Amino acid sequence: MKPTHPPKIVLDVQKIRADFPVLEREVRPGVPLIYLDSTATSQKPRQVLEAMDRFYRRTNANIHRGIHTLAEEATAGYEAARERIARFIGAAAAHEVIFVRNTTEAINLVAYSWGRANLNAGDVIVLTEMEHHSNLVPWQMLAAELDLRLEFIPVTPEGLLDLDAYHRLLDLHPKLVTFTHMSNVLGTINPAQEIIAAAHAVGAVTLVDGAQSVPHLPVDVQTLGADFLAFSGHKMLGPSGIGVLYGRGELLEAMPPFLGGGDMIKRVELRSFSVNALPYKFEAGTPAIAEAVGLGAAVEYLAAIGMEAVEQYEHEMIAYVLERLEEIPGVRVFGPEAQHKGAVAAFTLPEAHAHDISQVLDDFGIAVRAGHHCAMPLHTKFGIPATARASFYIYNTRQEVDRLVEGIYKVKEIFG
Amino acid sequence: MKPTHPPKIVLDVQKIRADFPVLEREVRPGVPLIYLDSTATSQKPRQVLEAMDRFYRRTNANIHRGIHTLAEEATAGYEAARERIARFIGAAAAHEVIFVRNTTEAINLVAYSWGRANLNAGDVIVLTEMEHHSNLVPWQMLAAELDLRLEFIPVTPEGLLDLDAYHRLLDLHPKLVTFTHMSNVLGTINPAQEIIAAAHAVGAVTLVDGAQSVPHLPVDVQTLGADFLAFSGHKMLGPSGIGVLYGRGELLEAMPPFLGGGDMIKRVELRSFSVNALPYKFEAGTPAIAEAVGLGAAVEYLAAIGMEAVEQYEHEMIAYVLERLEEIPGVRVFGPEAQHKGAVAAFTLPEAHAHDISQVLDDFGIAVRAGHHCAMPLHTKFGIPATARASFYIYNTRQEVDRLVEGIYKVKEIFG
Amino acid sequence: MDDLYRELIIDRYKNPQFRGELNPNDITFEDDNPYCGDHIRVDVRLDENGVVTEAAYSGEGCSISQAAADLLIEYIHGKTLDEVKALTKEDVLDLLGIELGPVRLKCALLSLKVLKAGAYGLGEATDDLVA
Amino acid sequence: MDDLYRELIIDRYKNPQFRGELNPNDITFEDDNPYCGDHIRVDVRLDENGVVTEAAYSGEGCSISQAAADLLIEYIHGKTLDEVKALTKEDVLDLLGIELGPVRLKCALLSLKVLKAGAYGLGEATDDLVA
């Protein structure tokens, strides 16, 4: 993932911050917001909000098959967003980008459509112990229905995938290998290209949960070799209610539809229908039109900064975060060292529960999340019920890290 | 549906129009927009746009389990919208309101979850010949999977359901009766209460496609007696990307989950999970948070006008529309007379194809839809490939109807 | 309007020059646009050198689909089969001489799709024939 | 902060008064909050009139869940079983004396949920016990 020659472009964080209206907010009078919860959802620049607002104030219409001016403009806006997103992830064709609600729906779509058509009793799916529930529960449900076998690549105490164990699991000839590109708890950036190549070598199909990678790293589906890639708009400066399933054209072509209804059909009689071409086959009913336009604007915003610059900025940020956190007595940060990690720091304190940490930090305007972050099995593995998680994006500053550290000292003072 | 004593409240259309920014638009210089396509999607008042914008500019955070201020405010906003919507449709409890993307997803949810758990080979589902593809294709897919039998209540030449035929179909002891409350082509308002009572008398579960009724009529699930009700936010002044499945608590409780992932679980281990309580069981992953807030604002806007007033206004509108259209030689309007009908007029002209009608009208800034309106079997039944459809909402005026009529004369002139 | 409903299109729609069926024929194909029900059949006769000597279309639909068919059929007279196979979307748009939105584009290209599917001897008329 | 982390809560969290287990006991129940892993066990001893003579809690979790448990256990001493069954969410909030968001509310009510499930002799501690 790391470019060998890190680009020189530096990201102008103050200019970026000025684009995010929420950052002007005071959580309480005199207490400005320090938003360290972008792994849960990112904030939105005014460019995204304005694109959606403009859509609703000038163009709003239902898409597809409308001849009137608004319908044609709305369709063009929706499809232009698809094309922009396809370019952003290096898809070979725009119709490989399917609009869904979020990463979760994207993964369920693959489980219901590809899974039920291609998997049979006894087939093996390989996952990892660091999956988000959204890339775990759909496969548990499918495994229960079809009697499949789930196997997990173990996570090492450092928070890395045990790749030797993975290569042994491949002897089981899994039909599917699915894994998170970047852990939302440990921050681990997994060697996706290597994992995928090994999976393909034994004939497995691959699904990458890109919920955390697509917002924070350059992700190119051709370089990765991924068959499927799932991600959410709301984590990458876009609105809620929109996400993407990328799938390789041939795979998507061969898959049966998932949701039935308007727009995914070519022809309907009372007792039968024929399906529409891609991508519409998988977009039943009125889609999240304004949200697609918003995600298109988000991708444009990120592309203008450059994902290499985003990655580099966040890499320097997490190095600083880890350095500062490690100086606090008792703080335990989960996951690998900065070099293998995105800008996520999940930690515990001996004196205080994660909830108490988050609550006290909130009094200083600092928003961090506390809990299992939808990764209970990973927390179970590390023997802890909950962590506090501070996560960073392009609008966060070193000063905010310093405030976080001060806040943690305050927690220690109260609970110590 | 018609109140016996129509309320006196009259709707102030000029005041309403001032709330809809898009109505100030000129389609081309000097050609103001006349938007007659609300059945496809409605326009949005600034109150809805501002609610969403405010959410993004002040509150945006992921919901559930967040302790920091923004997360708590976002959760409160999301759940307040649910409660408002529950009141709007008369649900017994807020947790009977499940947020989905649109009507289509709501119906698919019932088909996948309730359908697969409760239906067996040979079971009968009763539908109608006037269904939108979204309430047809999901059942065709399920029928193919489970070997079910689909039976259809016929549509009379006037565009009404043949209720005698329906009562005969009930002898087949259907497990499910599902129908559109209001047709998006004919405008027919079906006698939902009567259909549901008869279905319940033979033990069938009922699903009402409320995509067109909830935006345009007072709809109360207790009065209807409906087991499930599906509708879309974008057709009722709300944003795209959000819709609702209402379900009776006991039914929803007993149903297996549909999409698996974050937030729909209580506990997860590597190979098993237990489901969360309602409504979260059916809301996997990050939902359309800002869109729920927007739909809440839309429902507030409609409730302030009063759905009786909306119904009455549209009833007077369609009576006027039919009167004016009937004076044009050769115009054929599909569906029943005004008394049984919402504000939808799908029509044909002998001289011109629906596409040509729509295209010429667009030159006058008049937006009508042309095609089969996702109801191919109904069009087949009436022996026509396509209709032009003008549809009306609370922001449309009689003057706009007059402009439509002038436009149709122009079509006749060009193609005559 | 003057733009889209150029006199030519209305004229060809009302007074088609090449409507009809040719039986027997060397190439015949038909298909429809499911979104609007427009239907086009194309019949072609070739001489021994593979040159179009006669062609006709039949069907029904909107002014754009019918006028485009009429203009296209006129255009292919005297062309070789290879030239017919090489026809593109742009050729049809040039014949019509107007700008079209995505929906009307499908109407305009229906006859070309049908013609090329017939010329190639395909079983099905797919969108990539006119992409 | 001064609000939420009232001295009382921090004090009870750091210096609990009723931590422990009672064996034997008349009522015992335990459960956890899956969202944060907080765990509470409650043990109660009753006299012949069904009045609480002794009670204790054990477990682990955040300051709110532990302090709420400590305060609740103190409060039920001398109450009848029927009075315990009748306890509500408001009683716990009054004991804590603070406002709580939805997530921390679940922490605060865990001990009451466990106590009432035990008092009613239920197999499971459900949220409607503290609604």
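Labels for the chains are A, B, C and D, by order of writing; each one numbers its residues from 1.
Criterion: a residue touches a chain if its C-beta (ideal position, glycine included) is under 8 Å from a C-beta of that chain, and two chains touch if they have at least 3 such contacts.
Source: prediction; values computed, not measured.
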Between A-C and B-C, more C-beta pairs in contact link B-C
Would you kindly say which chain has the C-alpha centre located farthest from the C-alpha centre of chain B? D
Whole-Å gap separating chain B and chain D, where each centre is the average of the chain's CA atoms: 47
CA centroid of chain B to CA centroid of chain C, Å: 38
Could you put a whole-Å number on the gap between the CA centroids of chain C and chain D? 79
For chain D, which residues are shared contacts with two or more other chains? 34-35, 103-104
Residues touching two or more other chains, restricted to chain B: which are they? 65-67, 267, 355, 359, 370-371, 376
Can you list the residues on chain B that touch chain D in the complex? 65-67, 72, 75-76, 266-267, 277
Given the complex with chain C, which residues does chain B contribute to the contact? 352-356, 359-360, 363, 370-372, 376, 379, 384-386, 414-415
Applying the document's contact rule, which stretches of chain C touch chain B when the two form their complex? 1, 4-5, 10, 13-14, 34-38, 61-64, 103-104, 107
As the complex stands, chain C meets chain A at residues 34-35, 101-104, 127
Residue numbers on chain B that touch chain A, as the complex places them: 21-22, 25, 27-28, 33, 35, 37, 40-41, 43-44, 49, 52-53, 56-62, 65-71, 101-105, 107-108, 111-112, 129, 132-138, 140-141, 143, 150, 152, 232, 234, 239-242, 257, 259-265, 267-273, 284-291, 355, 358-359, 361-362, 365-371, 374, 376-377, 380
